[in-house]
Amino acid sequence: MSDIFPKWTNRLPALVLTGAALVGTAAVAGAWYYFTPKYSRVGYQPIQPVAFSHNIHVDQLGLDCRYCHNGVEKAWYSNVPSSTLCMNCHNQVLKEDARLALVRESAASGTPIPWVQVHKVPDFVYFNHSVHVNRGISCVHCHGQVNQMDEVRHAQPLSMSFCLECHRHPELKIRPVDKVYDLNWQAESETQQIAEGKRLMQEWNVQSLDNCSACHR
Amino acid sequence: MSESATPYGLIAEFSTPADAMHAAEKIRDQGFKRWDVYSPYPVHGMDKAMGLGNSKVGWFTFIGGVSGYTLGMVMIWFMNKFDYAIPVGGKPMFSPFSAFPPSYELTILLGAFGALFGMFIMNRLPRLHHPLLKHARFKLASHDRFFIVIECHDPSYRGDETRALLESLGGRNIEVVEE
Amino acid sequence: MAESANTVQGAPMIAPPRELERIPLVSNRRGLGWLSDAVAGISEKPTPRWWWYALAGSVGTMSICFAMIAYLMSTGVGVWGLGHPVMWGWAIVNFVWWIGIGHAGTLISAILFLLRQRWRTAVNRAAEAMTIFAVMCAGIFPVIHVGRIWFAWWLFPIPNANGIWPQFRSPLMWDVFAVSTYFTVSLLFWYMGLIPDLAVLRDRAKTKLRKFLYGLFSLGWLGANRHWSNYEKAYLLLAGLSTPLVLSVHSIVSLDFSVSQLPGWHTTIFPPYFVAGAVFSGFGMVLTLLIPLRKMCGLEDVITMRHVDLMCKVTLATGTIVGYAYGMEVFIAWYGGNPYEQFAFWNRAFGPYWWSYWIMISCNVIFPQLFWFRKVRHSLKVVWIISILVNVGMWFERFVIVVTSLNRDFLPANWGYYVPTWVDIMTYVGTFGLFFTFFLLFLRFLPIVAIAEVKGVIPQADPHHPLGGAKPGAHH
Amino acid sequence: MSSPKTHTEAPPLDLTRWRNVPNLLVASGAVLALLGLVVNPTQFAHSWLLGFMFCLSLALGALFLVMVHHLFDAGWSVPIRRFCEHIANLVFPWLAAFFVPVALFAPKLYHWMQVEDPHADHALHAKFPLFTWPGFYLISIACFAVWWWLAKNLRAASLEQDRTGAAACTHRMRRYAAGGIVLFAITLTLAAILWMKGMMYHWFSTMYGVYYFAGSVWMTLGTVYVITMVLKRNGTLTKVLHEHQFYYIGSLLFAFTVFYAYIHFSQYFIIWNANIPEETFWYVLREKGTWWYVGMILIFGHFFLPFLALLRIDLKLTFWWMTPICIWTWLMHYFDLSFNIMPSLHPEGFPIWWVWVDLGCLALMVGLLARAFLAAFQQHAPYPVQDPRLCEAMGLLAPCASPISGGDMDETEELADAMPETTGGAK
């Protein structure tokens, strides 16, 4: 004899089912959004030891990316410049500025500035900067409009699907080599980008690689 | 149980499965529709005695199984051939052979869901509150007793006449169960 | 009754001589009500002291398992003894062993149901519970062996940030589907069987808490025949689905090995051989558990010597099939003429792990042959010891398959010797704690024998039987 | 089980019209087989082997059914056991005699016998001394000896029980079955390897013995169903047969449909996936030419069709539905064996032009076996008349008289008005 359940409990199955469906949907949608690099990586903007502004150096002063990141065309790695490179200018410009004290100290002592790394690919991914920039992939595609950033911000997810998006359709991104470091450049129209991109792929023999060992080797 | 409660049905008690079964045959022949036999275990032959047809649960399983197999095959084709083909081991991107084991498992999984939830749907379970659960002697239905309950909503239900019928069939402790 | 009808429909009718009489499934002439009392009583009586001791021991052991997993997660799979060339060690051995244990439960609940073996009713509930807990223990190993456990959900075909899908040509993916389906379906099947019995406990409940919990989980089951009709159909369908499922699970586990090209793994008899081995080890475990259980819970009249006898016979049959498979492997290694295959089998029997091979052969093939003798099958002590030996032997079978095939590579420079670390060992020991914790909780709070099903197989249940109330001559 | 449905009402089947069929089979088969022998001896050898393996399937399948009946202490299968014993006994002298042409034509069938230096061929060298002339013949003789010994002794004990009704006979049969099942597994495997797999001796598969076994028992169960049905309808077994015999045979047929498919799928799939040339060549050959279609016939006809046809419980008891399926098992098993045997002679495809030789050999053997079977069947009781399990098989179990005993909540004292048997006289 189990009369301890009042009559309304007969509606429980429907209520539980509806509730479970709602909670389930919320959980899946939440995980899908919050657990992916689109949320967890994009927007990462650490405070750097030196308040270096790409905006001032690139857009206002017109420095080329390669002036500082001078290995990017030659190596897999796009180097962060040593502080002596900063001193090329800053031994003249703002030479007494307090904001640059750390740079001067580093240049004098040889201890690197402890920059906080923003962009990172996992250890098991092989990424080669020179291959990309020499074949018409601009900095902006992975790093966003760094030329407009005062403080560097993680602009793209850099997840595997992000890489794949481009690897499957390089013609949507590929551009003439002389426009690679022009972060504001855009093709006149999408159709032109595709036509030009296809032509460049043909010319450079760029393949749409999405096999595992293209990146994991 | 309050005085004003509406009656739910007439309950009669039987000691042996054979008595319950003979009673069920008679009640079936009288044309009752809303009634049932309650027993601690499924009594072999009772479906026939009550005039029940084949259970429909099989259809739920069948639909579950077919959709599981289709889902498996389509999913694997979409994932490994259409959306992102991964060349491995010189094997074709999609082969009904290598796609078979997971699709087979999905067939069984969804078929099993179909069987269980089909049973729940057909039986309108879960139903935690029921007039019979308030009846004192009804707890013996899960122990060693057999009950027949004829609901008052049955079009053939005729109060005392029905009670007399149950009595003549050997039912004991005949009582009215209230809503 | 038999004597009164010497001829039926003109054919002579002979009652079997005493020695060939069928022994009743429930002994001592127990009836419907007694079954409810006996089984439900186990969870209604005050908790016996041994239960607390056993639970404390199990929980303690289980915590070792979790501690080892935490250590593994924080440090990495290097804490295990894996290394070149044996890259698969205890984790896969334990996985296959535990999942094999589970197979007996499904065999009893599903295959014997389809075969109309009514003796299954006394043991199926406990065996199914064993299946579920064993699959839980098994599931731990593949999950933790992936290294970065927090990414284990990538095994499922869920869209993720990598934009890539699981690779369905890999037998390890088939495993994911097989094992998760197996667990889910076993759980559904088990729960569905429990519903009428939970209703028994609900109807007998004295305290409000018990009324509430058993009432909630029995879902308002009334035992109406219209419900039974759908219920029996669903039960039949689940049994029909579980049968190919249980065959497929261990077959797919065997494919992990056999679709490769490694000598000692690649052999076509693996699927049926693994299934037979799984059922074999599972029955070993069922016997190990039920022989003490029937005594401790006072269920000697329900789980009778006939049940033990029959389970011994299943063990014998499957053990002999496994023996046939061992023989065929060795024979075809010789027959095929492949020197690598021949070496693999020579290495098994006489290489550095010779002892594991001979433990396997003696525990799996030789000792179960004692079950040919009725005397052995009826000595509970001997049966219990052999059942444990079967468990040991089947663990070593997986060890032999995994380790001896890997430790000698094609080049002697790639030869090695695998030794488990203490973390390997303690993780495995810890899973026993997990298993027994769940099993003890099951013993205490749930009906450990399928009450409604056993009621259905005693003579009183049959309305055409005099004990069921049938009048003589009234034959349907 | 309730009483049989409707079939008993029909008048007993009159089989006299069919009594000449075995003779016709023998006569026509002999003509075709002889013609085949003259026209193309190699084809004749292969066709004969095909027919022989087909008939052997039946005898070994029946022997297996008899042995598992004893091992499982089964009750339901008592009425069908006697004719299974007769079929199993066809193994000697009949099948042994049918093996003589295989033995004589062995060099035409088994290429390894013609290899000049067996030690130059590694695959053959490795099989020394199994694949030598003495090895081949000695093992063949040993296989027949084991089968003969088992079948003869099992039937002898069974016939003795017909006279004495002694339980000792049951125990004796169990002992034969216990040892026999092990010998049976070994000999059947060796026979399948030596007589069929050995045709392409470079190939190997650990599953092969099980594979032949699965197909054989499947076809045997189909045959057993037909024979049981005929014996029920002509009145011979009507009084001992019940509905559940048909249900169980049908269920076993269904189980073996799945089992065979499982075995064959596993063998194919593992070989396909590992993709090792020394194994795949066997199947590659069978995917070329019209063999591809035979393979498809096997997938659909050997599995899907019977699987779907046998799914429903009630149809397993419906004779007009089951008869075509059972006859279909013969056809499919024939295709299965042909798929195994013939590609070594006809790699280009299924030898449709030579089917008449196959059918001739098969008809000759089946005709002779049918005559032998009928003679044996008529000589003895049609079912084990004194078997202790017979009344159980008939669904007439003697009930044990036990009371419904009490418990805390048991109120069975109220059963005062019940019959004395119900309470067992306890109260």
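Which chain is which? They are A, B, C and D, in the order written, and residues in each are numbered from 1.
Keep this in mind: a residue touches a chain if its C-beta (ideal position, glycine included) is under 8 Å from a C-beta of that chain, and two chains touch if they have at least 3 such contacts.
Owing to the predicted nature of the structure, the values given are computational and were not obtained by experimental measurement.
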> Pick the pair with more C-beta contacts: B-C or A-C?
Replying inline: B-C
>> From the centre of chain A, which other chain's Cα mean sits the farthest off?
In response: D
>> Counting only Cα atoms for the centres, state how far chain B is from chain C in Å.
In response: 29
> chain A to chain C: how many Å between their CA centres?
Replying inline: 52
> How far is the middle of chain B from the middle of chain D, if each middle is the mean of its Cα atoms, in Å?
Replying inline: 40
> If you average the CA atoms of chain A and of chain D, how many Å lie between those two points?
Replying inline: 69
> Residues of chain D that touch two or more other chains: which are they?
Replying inline: 2, 269, 273, 275, 404, 409-412, 418, 422
>> For chain B, give me the residues that contact two or more of the other chains.
In response: 15-16, 45, 84, 86, 89, 91, 98, 126-129, 133, 139-140, 143-144
>> At least two partner chains per residue is the criterion; list those residues in chain A.
In response: 1-2, 5, 164
> Which chain pairs here would you call touching?
Replying inline: A-B, A-C, B-C, B-D, C-D
> So in the complex, which bits of chain B are touching chain D?
Replying inline: 15-16, 45, 89-91, 97-98, 140, 143-145
> So in the complex, which bits of chain C are touching chain A?
Replying inline: 159-164, 202-203, 205, 208, 211-212, 214-215, 220
> In the complex of these two chains, what residues of chain B are touching chain C?
Replying inline: 15-21, 24, 36-47, 50, 52, 54-58, 61, 65, 75-76, 79-80, 83-84, 86, 88-89, 91, 95, 98-99, 101-102, 104-106, 108-109, 111-113, 115-116, 118-120, 122-123, 125-130, 132-133, 139-144
> Which of the residues in chain D end up touching chain B in this complex?
Replying inline: 2, 269, 272-273, 275, 404, 409-412, 414-415, 418, 422
>> Can you tell me which positions in chain C touch chain B when the two form their complex?
In response: 31-33, 36, 157, 163-171, 173-174, 177-178, 181, 184-185, 188-189, 192, 196, 199-200, 202-204, 215-216, 219-234, 237-238, 241-242, 244-245, 248, 252, 255, 451-453, 455-456, 460-464, 468-471, 476
